[in-house]
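Just so it is clear, A, B, C and D label the chains in written order, and each chain counts residues from 1 on its own.
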Amino acid sequence: MIRIEQLTARQGSFRLGPIDLDLERGGYLTILGPSGAGKTVLLEVCLGLATAAAGRLWLDDIEATQLPPELRRIAYLPQDLALFPHLSVRDNILFGARQRRLAPEVILGRLQELTVLLDLDGIIARRTVTTLSGGEKQRVALARALLPGPRLLFLDEPFSALDAAIKRQLQIKLRQINRELGVTILHVTHDQEEAFLLGERIAVMIAGKLRQVGRRDDIYYRPASLAVARFLRNQNILELQVDQVGTDGSCKLVGSLPLVTSGCTGIRPGERVAVGIRSEEVVIIRPDRPIGNDLLDNLFDARVVDILGFGGTHTLTVAIADSGVRLDVELPNCAFRDLGYAVGDSLRIALRRRSLWTLPMNSSSP
Amino acid sequence: MIRIEQLTARQGSFRLGPIDLDLERGGYLTILGPSGAGKTVLLEVCLGLATAAAGRLWLDDIEATQLPPELRRIAYLPQDLALFPHLSVRDNILFGARQRRLAPEVILGRLQELTVLLDLDGIIARRTVTTLSGGEKQRVALARALLPGPRLLFLDEPFSALDAAIKRQLQIKLRQINRELGVTILHVTHDQEEAFLLGERIAVMIAGKLRQVGRRDDIYYRPASLAVARFLRNQNILELQVDQVGTDGSCKLVGSLPLVTSGCTGIRPGERVAVGIRSEEVVIIRPDRPIGNDLLDNLFDARVVDILGFGGTHTLTVAIADSGVRLDVELPNCAFRDLGYAVGDSLRIALRRRSLWTLPMNSSSP
Amino acid sequence: MSFKRDLPFRLALIVPLAGLTGYFLLLIGSQYVFFSAAAFLHQLALPEIQAAIVLSLGSATVSALLAVGIAVPGAYLLARREFPGKRLLDTFLDLPVVLTPIALGTLILMAWNTPAGRLLDDLGLTLPFTVAGVIAAQFTVVAAIALRLLKTTFEQIDPRYEQVARTLGCTAASSFRRVTLPLAGRGILAAFILTWARAVGEFGATVMVAGTARGATATLPSSIYLAMSVADLPRAVTLIVLLLLISLAVLLAVRFALGSRP
Amino acid sequence: MSFKRDLPFRLALIVPLAGLTGYFLLLIGSQYVFFSAAAFLHQLALPEIQAAIVLSLGSATVSALLAVGIAVPGAYLLARREFPGKRLLDTFLDLPVVLTPIALGTLILMAWNTPAGRLLDDLGLTLPFTVAGVIAAQFTVVAAIALRLLKTTFEQIDPRYEQVARTLGCTAASSFRRVTLPLAGRGILAAFILTWARAVGEFGATVMVAGTARGATATLPSSIYLAMSVADLPRAVTLIVLLLLISLAVLLAVRFALGSRP
């Protein structure tokens, strides 16, 4: 559907790329990155609205690097939507379809379909788009983008200004548009929850480069670099040294905390590595229950030093005995209530081998 | 410390209040509401930057309704920070202290304290604030606000433009400023996570009115109205009818789903009520484990109809047999992996009495 | 909110503006000493005055249309596209805005005495003491002003609208026609009105190029000059009242064109 | 990005601007036919020309300082405070911007013939054929322009800065002095330069109020008029080159004052 090869671009002092990326027909790819990572520039280059310094772009196996934007047939929802303020809601929605001179019966059919899908009935007769609510504007912009039947839909942080409840509704709509209408979507966001919810694949972009492309669990549990790990809020990251590497890919690490991990392929004894674990993957050992075999490797005594309460979860900061290491441990409220911990309490925690990720230290700047 | 009585204000067609609120010395109150709820207007009226239509304001038991802003000694971090672009970082930080003509040794002492707390060493000598990063700007603005020793600190969505990792660091700093420096904080935000993390008490503001003021669990598990419940993303809300009310405050509900709930004081048989449960409080019955007594009241057969995957959690949408009711069930990834559900699978769920909240239907617009 | 302790500061703001307003009121009010409705109506009926009105409004309309017609594409180009030497060109095109119209008028006369100018003259574009000269003088003074006003107009329109239009199938030309031009509509109208007003009031360049031939090239401002040179106060007052009414209409029209914005 | 199919549209944008640039180049270039360095230096040495230079630059500086001095508090008031009748006042204060300077000059003369004006005259503020008249004419033309430029300047400064300054202990006056005024600095400087340039180029009002007495009330524009009326081309060219150089300096100074913005 879309294939990007060694694409680079400049904007002032910012340098994008080189970027290699492809997205198959019907796919949903989210590009996740902090603000200023160059996500919008990448979209603009692919749309033909900004100039690539080098590299190539294919759309449906046709090279499109030199194609003007109106011939690329990529629909675009910029962050501010850019609904035309001089046109009515209906004229906004029909703008692209009319411009492309689609047959009236095709337009009508699609319009009916989109009216139902995007619940446009109550607003399509409005004479201006300026008085629509935030969520209504999003739906009109989606209809305008989809009506001409684009081969691709680009979304640039579409929901960043919306309240949580409306945001979730529209995210579900997007998922539906992708799955039921079969629209291929490339969606740029800095919102991790959104990226994980919607992306079949997720590409992490930091400082103009793609640092990792993969499925949800790869990105979440196996960051490809320290930069990705930090951006994705891995709270628990330790810097350790490899002591022994086993034949099964497991290894013993020494340093501030002695650990046994798996997945150490390609790492040699003596190397320094970064090791991390998601705060919700840290296991608190309940004194009244038997300890599973998979918990025996990395078992530590610890003390609660801080408690952060959120809506449905609590995060304990625990200090591991005799090590100076502090780890964050996230608990659902039901577990937190059951355990009843307070600052100063002692507890035992375990770090499962399979929950730990390991990276050679030089991978921090790939 | 600050007490607001029957405060109302107008801005164009928007009407704020009447608002009643108080905040004790050393407290931390977050005001949580969607954009456009009037949170900023409330702050501006309390600061003396906008005019109240009616009502009164006390600061330290002195009526301040007519006091000009410079005499109220309330520090203010607006959303855009408004660091003075014509002044150096140091002059920005010292602006208020100089204006208030504090003794140089007092200024110096506080400056040292804040330099350590807010890690200003690397940036205080910069000649302009315009080249600071987002997080650095926040720290400078906090130092500028705190240096004159205000009696109160007002924060207006301070971190909405920051990336997640830096946001968390600064949230922890705010908690420290409140707890270690003893600064009383009134913090306005639309970010639920932030409101719950930081607020000792949380006030929910919707459409110019305070709908609920309380502690974290009250707001999260016991919404005072349907508007609050919806804004706080209570996914599972049912409209049922009261059949019987027991002497222990429990009641039997009938309608799309027969339920037994507690906390029905003041509700009579025949009334219509809204009942809700947090998606992470829905219990999935594991076939291999015994069922606790507290799960027997509301036990249902259901089928998985959709699965939404997030980073560390999954949300199942389940359809309850013979009822047409759909509920969202949130699971941590470890539980989701253990259970291994796919769309179409059957399961049993239970709704604990104490997890359900109940509201008379007329409370939707208090 | 207003507080008592801010009163001295408030006075320091109000007094200068009140003084300036009073001065302008004195200026505009003073003519009532000399004004009489009978004289006004009598003057308006004179063919000389009517010729001046027709010439002023007509020539200003032509020169403003020309100026805006050229400035719309030019300003769009300057507002949207980057090209080498753009800053230099931009500065150069501002020169006629700050140069006194007297100098501009003289430059026109001189230019028509160069070979290129004589060629234009031979082609029928004779300027001295002609209506064409009035229009050329006004156009030269207002073209750069129109360009500047319209550049601001186009700069205020987010290029995102055109970009989205292009992804919806518009070429560069059709996105300009179907999106940018309608969005700039009010700004273009306001720029036209202001340009027209400036052309109506133009005196320095017009007097240099076309002279002040009564009933032929005498515009409204020139006619005031002529009336005052012979101390014909009733005529001067008539012309000033006329120009004040036009100015007022222009200001109201601009407010209307720009919507609620000032 | 540029694409081949957009070429006709690009040409439609470029041609009008190129034409206008060519026209201005023709105007400014044409004087080289009449220019000679020797004549230029000779003219500059004449006391009449020197008197005109001193009078023009001096009177423009005084009138621009007066105008900006009154406009800074006035524009701040209009930009920040709400009061009944503000829109009406705002429109009224724009009148002198669109009214032709010839009319403004005549109004000044008439005002000085009213009792209020005669009082001012008796107090020593005699305008006809005096330097004070030149300054009054220039001030009257540029005051409203300065007000308008500065209103835009203050409107572009986010009121949040002042609000934060007040929460940090500033009174309304000190937040204006310590925050708004420094932030408006570049804008005020640019407004002063543009106002000054407009005053230097002022002709219509000046000629009505103060006349064109050689060596006494003849400014640079008036001197061009006088020179052309006796067909003294070398003098006219000298004065025009002088004014062109001043205009260029003004444009560069404004660019510098506003930083990188155009």
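Quick notes on this one:
Just so it is clear, a residue touches a chain if its C-beta (ideal position, glycine included) is under 8 Å from a C-beta of that chain, and two chains touch if they have at least 3 such contacts.
Everything numeric here is computed off the predicted structure, so don't read it as measured data.
Common partners of chain B and chain D, by the touch rule above, are A, C.
C-beta contact counts were set side by side for A-D and A-C; A-C has more.
Centroid to centroid, with C-alpha atoms defining each point, chain A and chain C lie 55 Å apart. Note: centroid distance chain C to chain D, computed from Cα atoms, is 15 Å.
Separating the CA-averaged centres of chain A and chain B is a span of 24 Å. Across the assembly, chain D contributes 3, 5-6, 171-172 as residues in contact with two or more other chains.
Residues of chain B in contact with at least two other chains: 48-49, 68. Under the stated contact rule, the graph of chain-to-chain touches is complete, every pair of chains being in contact. Chain contact summary for the complex, chain C toward chain B: residues 1, 3, 5-6. Those residues of chain B lying in contact with chain C across their complex are 48-51, 66, 68. Those residues of chain C that touch chain D in the shared complex are 3, 5-6, 8-10, 12-17, 19-21, 23-24, 26-28, 30-31, 33-34, 69-71, 73-74, 76-78, 81, 87, 89-96, 98-104, 106-111, 113-114, 116-117, 140, 143-144, 147, 171-173, 176, 194, 197-198, 200-204, 207-208, 220-221, 224-225, 228, 233, 236-237, 239-240, 243-244, 247-248, 250-252, 255, 262. On the side of chain B, the complex with chain A involves touching residues 34-35, 161, 163-165, 168, 190, 192-193, 196-197, 216, 220, 230-233, 278, 280-281, 308-312, 330, 332-334.
Note for the complex: chain D touches chain B at residues 158, 160-161, 163-172, 174, 178-179, 182-183, 185.
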